[in-house]
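Below are two complexes that have chain A in common, paired first with chain B and then with chain C.
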Partner chain A sequence: MENLSPFRSVGLIGRGVLLETLRRREIYVLLIFAAVFLSGVLVVRVVGIPNPETGTFILNLGLMLALTAAHVLTILTAARQIPFELENRTIYPVLAKPITRSEYIFGKWWACTAAGALVLFVLGAIAWMSVPKLEAYSFAMLIQTVVAGVLSLGTVAAVALLGSVLIPQAMNIVLTALVVWFGHSFTGFVVTRVAGGPLEAPTRWLTAYLPNFNKLNLVTRYTDGIGPLPPGEFLAMIVYVTIIFGACFASSALVFRRRML
Partner chain B sequence: MKFAHWQILSLAAFAMVPLLAGTIKPNDYEASRRDNQTALKRRNNSAIGAILGEIRASMADMMFVKTEIYLHNGVAYMPHLDMEAMSERGEIVDDDHGDGDDGEEKPPTVIPAPETDFRGIIGELERRVKPWQDPDMPHIHTSGTELLPWYRVMTISDPTNVRAYQIGAWWLKGPKPQEALDFLREGMANNPQAFQLPYMAGQIALKLSDRSDSGDSGEHIADARRFFDEAADIVIRERPADYDRDHPENFPSWSEYKEEDARGAARFAVYLERDHGSIQDAIKKAERYSQVFGGDGVLDRLVERLGRSAN
Partner chain C sequence: MIESKPVIEVKDLVVDYGRGKKTQRAVKGITFEVREGECIGFIGANGAGKSTTMKTLMGFLFPSSGSATLFGRDARDKESRRRIGYLPEVALYYPFMKARELLELYGGLSGLSKSELRRRIPPLLEKVGLAGKGEVLLRNFSKGMQQRVGIAQAIIAEPELLIFDELSSGLDPVGRHDLRNVLVELKDAGRTIFFSSHELTEVEALCDRVVMIHRGEIVTEATVDELMKPLNVYEITFHLPDGSRIPDAVRGHGVKTDGHLHTLTITDVEEYSQAVSELAAAGVSIQNTSSKAQSLEDYFIDLVQSRERETAS
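After this line comes the complex of A and B, so read on.
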């Protein structure tokens, strides 16, 4: 049997995920979103944008929708991968090849992230190009917004993949979505309950283990016309995401290696 | 269980992640465009803002209808709303038909009763599988606290829905009056022109002062005075100067309900000034408010009586 290099095997597994995503209905969901965006653009063109504030509002709405759609697609794709392969028994011939389980998970991860990033780029570009820029926005901030968006998608894919080896698929989708959209509200709520008391510091520390996706959403900062993050803070953000990804990846590889298939 | 080196390193780094998380605050900045009130007004005045605002308002209206169904144990009655008044004034107005209690007029159900249903067995099937009760029977009302989440969602969907804030606070004031006040404060921040919200907040604060046995009654009284004064100030600003009580139909933006509430707010402001402030200030307030309303029997009598007692 031919020995594949780790890069090649990871690439092949990811390619399979991307091909399957294209074959399945996700691509139609993307097309529907694009159509909704385009019809929105048409309405905006017909109705007109009377003032710069409205332009900013529409830009924020469009970019926010693009980011949300990308996250939804990533969660659905990542949460489905391992349960789907187990159910269809397609995982056995793959793992019979000289591929480690870590490579298998890594291949799934990068492809789910790439699928989400593709949606973000396409929908984000439609939203960004269609709205006239009537107020000042920082281009460097736009780049940081896109990079942070992709980092967020990578993190969400890692969290969903970890969930998929631990809990049933439906529960995984719901829990991951809750963490992405309501995680920061939940931690804020818990911390305010104990604020000012002796439990505040330990509660802050413990709740910080829940990935905070709000920190990775820079769309409103961009449309508010604020400048880019200082390099140190942006670097800290990248390190933060890398650590969370590393922990999720290490845990899922560990659980998956021990799991009876 | 065997750990690879990279796995140990990853998990060890994760243990320290709270240290890093505290340093990343990308959304902590001041002077944002989204909070600028002028920009907000201009955004909301645009056609796109109006279209999106309408979508939110429609969602809130649908939820309002849903709360009625919840209130009647799932049985859908024809809306208790005066559609004509709503289309003219743009506000929700009860059409004054009763709940079937005490011999009042009985509103029909959305699923018709057998004697008015032409669908025969299909209608019978619908009555059996969906919540329905004979409209001739008295209505069964559920505990309003079950509706509270709907009012919360309604106000999130449409923060300018003053009525949702009022009714939500009304249900909340029984079990959790402090939360009702917080809910109304949020409504006041979103609707600074709606005097009904401080008026209702004043009534809740007053009730809290009656119940209070922990010595903070004075604090609640002070809150109530502030709320009623605020409500009366808004009334002075917002009430049409030439409002005619005999011809309310000429004033689509100021219904009879509003007029009643406005007078109530002014009277409470005067009563509290009389009981917890100074008589002279109470007289001044009463005269001022009476002038705003073009004469108010209750306030005028109060001025007379207070004048006598001051002398």
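After this line comes the complex of A and C, so read on.
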């Protein structure tokens, strides 16, 4: 018997998640969704795209939908992993094998991210190929948009996995979705309300720890024909995501290691 | 004789559920060990603390005090888990996986290479009675088939120690028979087996030793022979004419008298033979001899009921 490397155990745990994703109904819902979108785009192309603004609008809509669908799938997949395993007791034979609980969570994380990324690539590619491109579109910016999208999926998977070891599944899905789509607006609103008062500083301090998913959405920047982010700014984004991921992963691993099963 | 090494060591183990006023003590300071090559039955009524003890051994629950170790290490240590196979109580397996994929996952996590897995899986499925079911999704498996695949995942890496919680749960008589053959094979191969079961005939037939737990405390720990010996009861009924006395040689045994009929009750087979000879030598007319063999199940039920009566009073 070989000594199992952590990479192999993490890979095997993740493979299970990917098999589950491919064999569940959600993926078919997304495929139908993609087919409907593609049909719509084809109709528009047959009728004709009257001006570049319409093309830009359709591309923006398509990429935004792809990003949203990928986030929805990632949240749903990540949020149900541990509760499902606990409820069905499938977790016991897995954790009876020579793997650590941290490796188990890491395996779940990469696979949830990969499942979301796959949806992003497929739906994004459909949207991207369906619309004529303006000359202003930058290929480097497209790469940055995709990388930022995947980083965002990784972060959301880490947030949802952390939520899954702390709170009930339904609450976790709702809260994670709120953080992803409304976190930025909510923190902005709260900070505005307390501005000038004694609570401003602590509120700003607290809200700074909420991951800002708006920063990771570069779709509109790409479709507006704006150039790529400077390398320093892009690197800072990667560091920002790494810190959030590290904090979420470390917290969930710590909580899960101490949890009685 | 070289004494075998302890594989499982449980010392003064206490496990509590909940906190503060809601704390419930599931295991109350138990101590026992399982040695290399032994087959031990861990028996007790529902809620006695069997699964809690096993889950603590596996590192799923944490001791409130005391310790539970496997191969001298904490159960959460990867090294100790590399050497064990575990079947959980009432487990379901990933419904979206095929039986082959599931065994590839668990075998892979145990460190088996892909080529080794390809070699081992078909005969293993055959051994547990699932030949030809490798490509069937587990969502289509019955409870008994799930239990069989559970046994397969526990033994796929040929571990030194097997821990089975509710071994024959969900299995029909044929399944239990097949499983018994698998266990005999594993036992003969020198594996250490520690299992809980409500099928006490299975425990009686397979185990070297039995550990009985009741309300979180160990109430009996003995070899099956030690336990079964006093459960065999021999009775000799004889007739004494008026004025005769019971021969001195048999007076030491319990004698019940009903008019001219006397009944001796003996638990040891040799003492029984001796008593028959002595009565015959004394010219006593023996009316009847009988033997009653109590089962482990009878013993267990008596024990649990008497403990419950003690608790109630």
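We adopt the following convention: the second predicted complex is superposed on the first by the 249 of 261 C-alpha atoms of A that agree within 3 Å, B and C clash if a C-alpha of one lies under 4 Å from a C-alpha of the other, contacts with A are read in each partner's own complex, and residues count from 1 in each chain.
As a convention for this text, contacts are C-beta pairs under 8 Å (C-beta built on N, C-alpha and C of every residue); 3 or more make two chains touch, one makes a residue touch a chain.
In this text, all values refer to a predicted model and were calculated from it rather than measured experimentally.
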Mind checking the superposed model to see whether chain B and chain C fit together on chain A or clash?
fit
Quick check on the superposed pair: does A:Thr220 touch chain B, chain C, both, or neither? Answer first, second, both or neither.
first
Please work out whether A:Ile173 is in contact with chain B alone, chain C alone, both, or neither, and reply first, second, both or neither.
neither
Considering only touches as defined above, state whether A:Ala253 meets chain B (first), chain C (second), both or neither.
first
Taking the CA centre of chain A as vertex, the centres of chain B and chain C subtend an angle, in steps of 10 degrees, of 130
Considering only the touch criterion stated at the top, classify A:Val146 as touching first (chain B), second (chain C), both, or neither.
neither
Given the superposition on chain A, which partner contacts more residues in chain A: chain B or chain C?
B
Considering only the touch criterion stated at the top, classify A:Ala96 as touching first (chain B), second (chain C), both, or neither.
second
Based on the superposed arrangement, let me know which partner A:Leu19 touches: chain B (first), chain C (second), both, or neither?
second
Which superposed partner A:Ala127 touches (first chain B, second chain C, both, neither):
neither
Please work out how little space separates the C-alpha atoms of chain B and chain C at their nearest point after superposition, in whole Å.
13
Where chain B and chain C land on the same part of chain A: residues none
In the complex with chain C, residue positions of chain A that touch it:
1-4, 8-9, 12-13, 15-16, 19-20, 23-24, 88-90, 92-100, 260-261
Under the touch definition given earlier, write down the residues of chain C that touch chain A in their complex.
17, 55, 58-62, 78-79, 81-82, 84-88, 90-94, 96-97, 101, 105-106, 108-113, 150, 153-154, 157
Residue positions on chain A within touch of chain B in the complex are 43-44, 47-51, 53-54, 56-58, 60, 135, 148, 204-206, 208-209, 212, 214-215, 217-218, 220-221, 223-226, 229, 233, 236-237, 239-240, 243-244, 246-247, 249-251, 253-254, 258
Given the complex, residues on chain B that touch chain A span 1, 3, 6-7, 9-11, 13-14, 16-18, 20-27, 29, 32-34, 39-40, 42-43, 45-49, 51
